[in-house]
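Take a look at the structure set out below.
Chain IDs A, B and C follow the sequence of writing; residue 1 opens each chain.
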Amino acid sequence: MASLINVFLIVVLLTVLVPLGVLVMISLLPPGEWSIPPKSPILDNFVYVFKEFKFYRNMLNTFLFIGLAILISLILALPTAYAIARLQIKYYVWVFTVALVILVKSLPPGSLLVPVYELLWKLRLTNTALGVALSYQVYTLPFMIWILTSFLLDLPREVETAARIDGAGRFARLRHIIFPLSIPGIISAVILGFLNLWNEYLYSSIIVSSRNLQTAAVVLGQLVTSEYVYDWGVLASANIISVLPAIFFVSFVQKNISKAITGGIKG
Amino acid sequence: MSSKSFVEIINIHKSYGKLVVLEGVNFDIRKGEFIVILGPSGEGKTTLLNIIAGVIRPDKGKVIIDGQVVDDSSNIYIPPERRDVGYVFQNYALYPHMTALDNIAFPLKMKKLPRDEREQRVEKIAKLLKIDHVLHHKPSQLSGGQQQRVAVARAIVKEPKLLLMDEPFSNIDPALRASVRLELRLLLKSLGITTIMATHDQEEAMTLADRLLILRRGKPIQIGSPIEVYEKPSERFVAEFVGGMNILELKSEYSSLLREYRVEGEDASAKYIGFRPESIIISNEGLEAEVLEAEFKGDKWTIIAQIRSGEIIRFYNKDHVNTKSTVFIKPTKVYLFSSEGKTVKILTINK
Amino acid sequence: MSFLTKIRRRTPNEFFLIPGLIGLGIFVFAIGYSIYMSFYRYKLGFMQPNYVGLANYSMLLHDPVFTTAVKNTLFFVAIASTSELLYGIFLAVLLYWSNKRYFFIPFLIVPMILPAVNLVVIWRFLFHPDYGFVNQILTSIGLSAINPLNNPKWAMPTIILMDIWQMTPFVMIIVLAGLSTVPPEVLTAARIDGARKLQLTLRILLPMIKNVILAVFLLRLIDAFRIFAKVYLLTRGGPGVATETIELQIYNRALRGLEIGLGSTMSVIFILISLVVIIPYTIMVLKNWRR
C-alpha cells in the first residue's frame, strides 16, 4: 500500500516537473527551432538576457520596490501588531482593527487600483519607486500586521511580565524585548513578503511607465504577450533567471515555509 | 492596621467567572520578614503573588506597600512597572536573547542608571550569588541552578521594597535544594529584603518562613510562625498538611484514651481525634494494633500498623518492631477536631 | 517627572494601533472614494467629475461585456477553488501516508513560487497551434492539432487548469500541516479498533481538521479573485470575451482609458461580490483570535 501511494506521488511529481523541464528546454533553444528536446541547445540566450537586455536592472528594480515596501510596512505594522496581540485595548477597538486588517488583506487589489492610482497621480508619485512601494502596501501592510500578530501571540507572556516588573514601560518593552524576540518572525514575514510580491503584475505595470524602472514581472509580461513570439529561447531564459532568487530563498527555508504559511493561517 | 506593617493585604477577593480563586485574604507583613504562602498546587498562591505584584487586579480589597495604596480594586492602581517589587518566576522568565549580565542589569537600565554603575551593582550581586563567572553566557547556556540565581539576582539588584518568589526551588535538583534554600534565605536576611514566597512544599515552608500563610482553595486558613502552625494547627487540614497526622473518627473505644488526659468534661463537638507520628509511644495499654511494615529512616523507624477498627496508623519508633506482631500504642499529645475540621482542643498526656 | 514622561503615561494603549491604522485607513478611504466616484463620470486629466447618479451602474449591468466578465470571474473562482481544494486534500493525504514525504514536498511546492508569467510562457509554448509541444505529439500520432487558447469554449478551462497546477500546492501544504496536528494517539486508538488507512482518513483525519479545510477554502476563494496576470498575459480576455474578467475590465476601460468614474463603479461592484466570501472569513478569524 505504501508503495502505491509513492507511485501516485511520483506521477504527481512528474506533472509538476515536466512543464518545468519544458521551460528549461525552451530556454536552450536557438532562434527558429521549436523541437523539444532541442536538437542543438545553446546557452547564448541566458547571456543575451543578462548582457544586452540588461534584465538584471529590472530585477534590481523589483528588489528595490519590494524592499522599500516591506520596510515601510514593518515600521507601521510592528507597534500595531504588538497592540493587537499583547496590550489591553478596548474590545470594540480591537475588533475594528482586526476586521479592518482582514478586509484590506482580502480585497482583490484590482478593486483598489483605481483610487490608488488616482491618488498617486495627484501626488505626482506615479512612475517613482516610492509610489510603487506605497501602492504595494495593499499587499504588504495587512500581511505584515497579520503575520507579526500571529507570531507575537505565541511569544511567552511571562518574559514580558518580567519586563514590566523590571520597570519597562510599553515603548521600552517593545524596543528591548518584543522587537528582538520577534526577529525570526520578521524574517519569515520578509521572505514570504518577497515571494508574494516578486511576481506582482497588476500594480507594477500600471504605476510604472518608463522602461528602465519596470519590474522584472512586467518586462516578462511584455515579452510574452507580443502577438508573434519569435524568440522563445530568450523569453524562457529571462523567466528562469527571474525565478532563481525565489528558488534560492525557498530552498533556504524549506522546513519553515509550511510553518510560516500556516502561521499566517492561524485564524 | 499597625503602623509597623510594611505590606498590608486587606480582604482580597478574585474570581474568574464562577470560579472563586481568592477569598477574604488578609495579612500584614513587617519589614524584613520572610513570609511563605503555603498551600496545595493551583489553589491561588500564584494569583495572590500576581495581585501583589500588580500583574492582575483583585475584584475586592486593597494592597498597601510601604504605606502606599498600590491597588484598591477600583480607581487606585499602580502598574507593576512602578511598584518597585522584584519577582522570581517559577520558570525564571529570563530574557533569552540577552546575556546573564544584561538580564540582571535590565531593571537598572530601566531606572536609567549609567552604565558603570549598572555594571558595578551587577558584579556585586553576582558575586554574592556566586554567578559572576557566567555573566557573559546566555540563559540557554546556563544550568538550571545558575538560571535560578540569575533570576534572583535580577529581582534583587534594584534593591526593591518587596521580593516575590513563586516556587523558586521546584526546578532545583533535590539533592541541592536544602543548601540552596538556606543560602538564599541567609542572603536575603543579610540584605534585609522583605520577602513573600509561594510553595506547596511544607518542609521548605517550615525551614524558611518567619511566618506562614496557609492558603487552601483561595481561602486563608491559618497565619502564624512555623512553630505555631505546627503545634497549634487551627484546622484538621493544617494538621495533616504540615507535619502529617493520623486522624481517626472519635468512637467510644477511644474515649478510654481521653481519660488519661486532663479533660474538663467531654467536648461534645469533637468528632475526630488526631495524633502526630512522633507523639506515639508503645506501651502496655492503649490501642491494639498489628504492625504491617517497618521502614528504616536512619535515626528512627517508621512503623505502619493497623488498629482493630481497620484504620492505618503511622508512627515513629527508635527501634525496629517485627511485622505481624501486635503492639499497644498510646498518643502523648492528642488533637480534637469538630465535624467541620476545626481544632477544638489540644490535650497532652499528664505524666 | 519629566513632561515627556507625563505625556507617555497618559497615552492609552490604543495609540500603538495608530501607525497601522493610518496605512489601512488610506485604503478604506480609497474604498469610500470609489463609492463616491462611482456616481460620477470622470476622465482623469480630460474633464471634471460630472454627477450622473446611478447611470454608471445601470450601464454596466446592462453591458454584455461586463456581465460576461462577472460571470467568467465567478465561474473561475468557484471551479478553480473547489478543484484545488479537493485535489489539494487528496495530495495532502497522500503525502501524509507516504514515508518519503520530505522528498516530495520541496518539488511539489515549486509551482507556487513561479510567477504567472512563467506559467504563461510554458502554456503558450505547449499549446501553440503550429509548433507547440502538445500539438507536435498529437500530430505525430495522427490526431489533429488543438488550439485551446483560441477556442472560446476551452480558453477558460485552460486558465483554470493553469491555476490548479500552480495553487494546489498551497492547499496541500496547509492541509498537510493541519493533518500533522492530529494527535497520534487518536490514530493509534482507531488502528487498534481495526480501521485501515482509507477509513482512518475519511472518518477521523479529515473531520478533525474541518476548520483548517474551511479556512483554506475561504482563503483560496478570496485569492482566486486576483487572477489578473494570468488572464491578461495568456489570452488578454480573448478570444472574444471568453476569458474577460472584472479586473481586466478595470484595467482596460478604467485605467488605460482613464475613466475614473466608470472604474470606480466597477470597483464597487467587484468589492460587493468579494464581500460574500470576505465576511464569513472575517467572522471566522475574529472568533479564533479572541483572547
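Keep in mind that, in the parts below, a contact is a pair of C-beta atoms (placed from the backbone, for glycine too) under 8 Å apart; a residue touches a chain by one contact, two chains touch by 3 or more.
Quick caveat, the model's predicted, so the values are computed rather than measured.
K.L.:
Under the document's definition of touching, what chains do chain A and chain B have as common neighbours?
P.N.:
none
K.L.:
Chain with the smallest distance from its CA centroid to the overall CA centroid?
P.N.:
A
K.L.:
Between chain A and chain B, what distance separates the C-alpha centroids? Give it in angstrom.
P.N.:
Taking the average C-alpha coordinate of chain A and of chain B, the gap between them is 56 Å.
K.L.:
Taking each chain's centre as the mean of its CA atoms, how far is chain A from chain C in angstrom?
P.N.:
The separation of the two C-alpha centroids amounts to 15 Å.
K.L.:
State, to the nearest whole Å, the distance from the C-alpha centre of chain B to the C-alpha centre of chain C.
P.N.:
60
K.L.:
Scan chain B for residues touching two or more other chains and write them down.
P.N.:
Not one residue in chain B touches at least two other chains.
K.L.:
Pull out every residue in chain A that's touching 2 or more other chains.
P.N.:
Chain A, residues with two or more chain partners: 169.
K.L.:
Among the residues of chain C, which ones contact at least 2 other chains?
P.N.:
Nothing qualifies.
K.L.:
Report the residues of chain A in contact with chain C in the complex, numbered from low to high.
P.N.:
Residues of chain A touching chain C: 1-2, 5-6, 8-9, 12-13, 15-17, 19-20, 22-23, 26, 34-36, 73, 75-77, 79-84, 87-90, 93, 95, 97-104, 106-119, 121, 137-138, 141-142, 145, 149, 153, 169-171, 195, 198-199, 201-202, 206, 217, 220-221, 224-225, 229, 232, 235-236, 239, 242-243, 246-247, 250-251, 254, 257-259, 261-262, 265-267.
K.L.:
In their complex, what parts of chain C are in touch with chain A?
P.N.:
Contacts found on chain C: 8, 12-14, 16-24, 26-28, 30-31, 33-34, 37, 44, 91, 94-95, 97-100, 104-111, 113-122, 124-126, 128, 131, 133, 136, 165, 170, 173-174, 176-178, 197, 212, 215-216, 219, 222, 225-226, 228-229, 232-233, 236, 246-247, 250-251, 254-255, 260, 263-264, 266-268, 270-271, 274, 277-278, 281-282, 284-286, 288-289.
K.L.:
For the complex, which residues does chain B have touching chain A?
P.N.:
Listed in rising order, the residues are 53, 55, 79-83, 85-87, 89, 91, 93-97, 106-107, 109-111, 154, 158.
K.L.:
So in the complex, which bits of chain A are touching chain B?
P.N.:
Listed in rising order, the residues of chain A that touch chain B are 156, 158-159, 161-169, 172, 176-177, 180-181.
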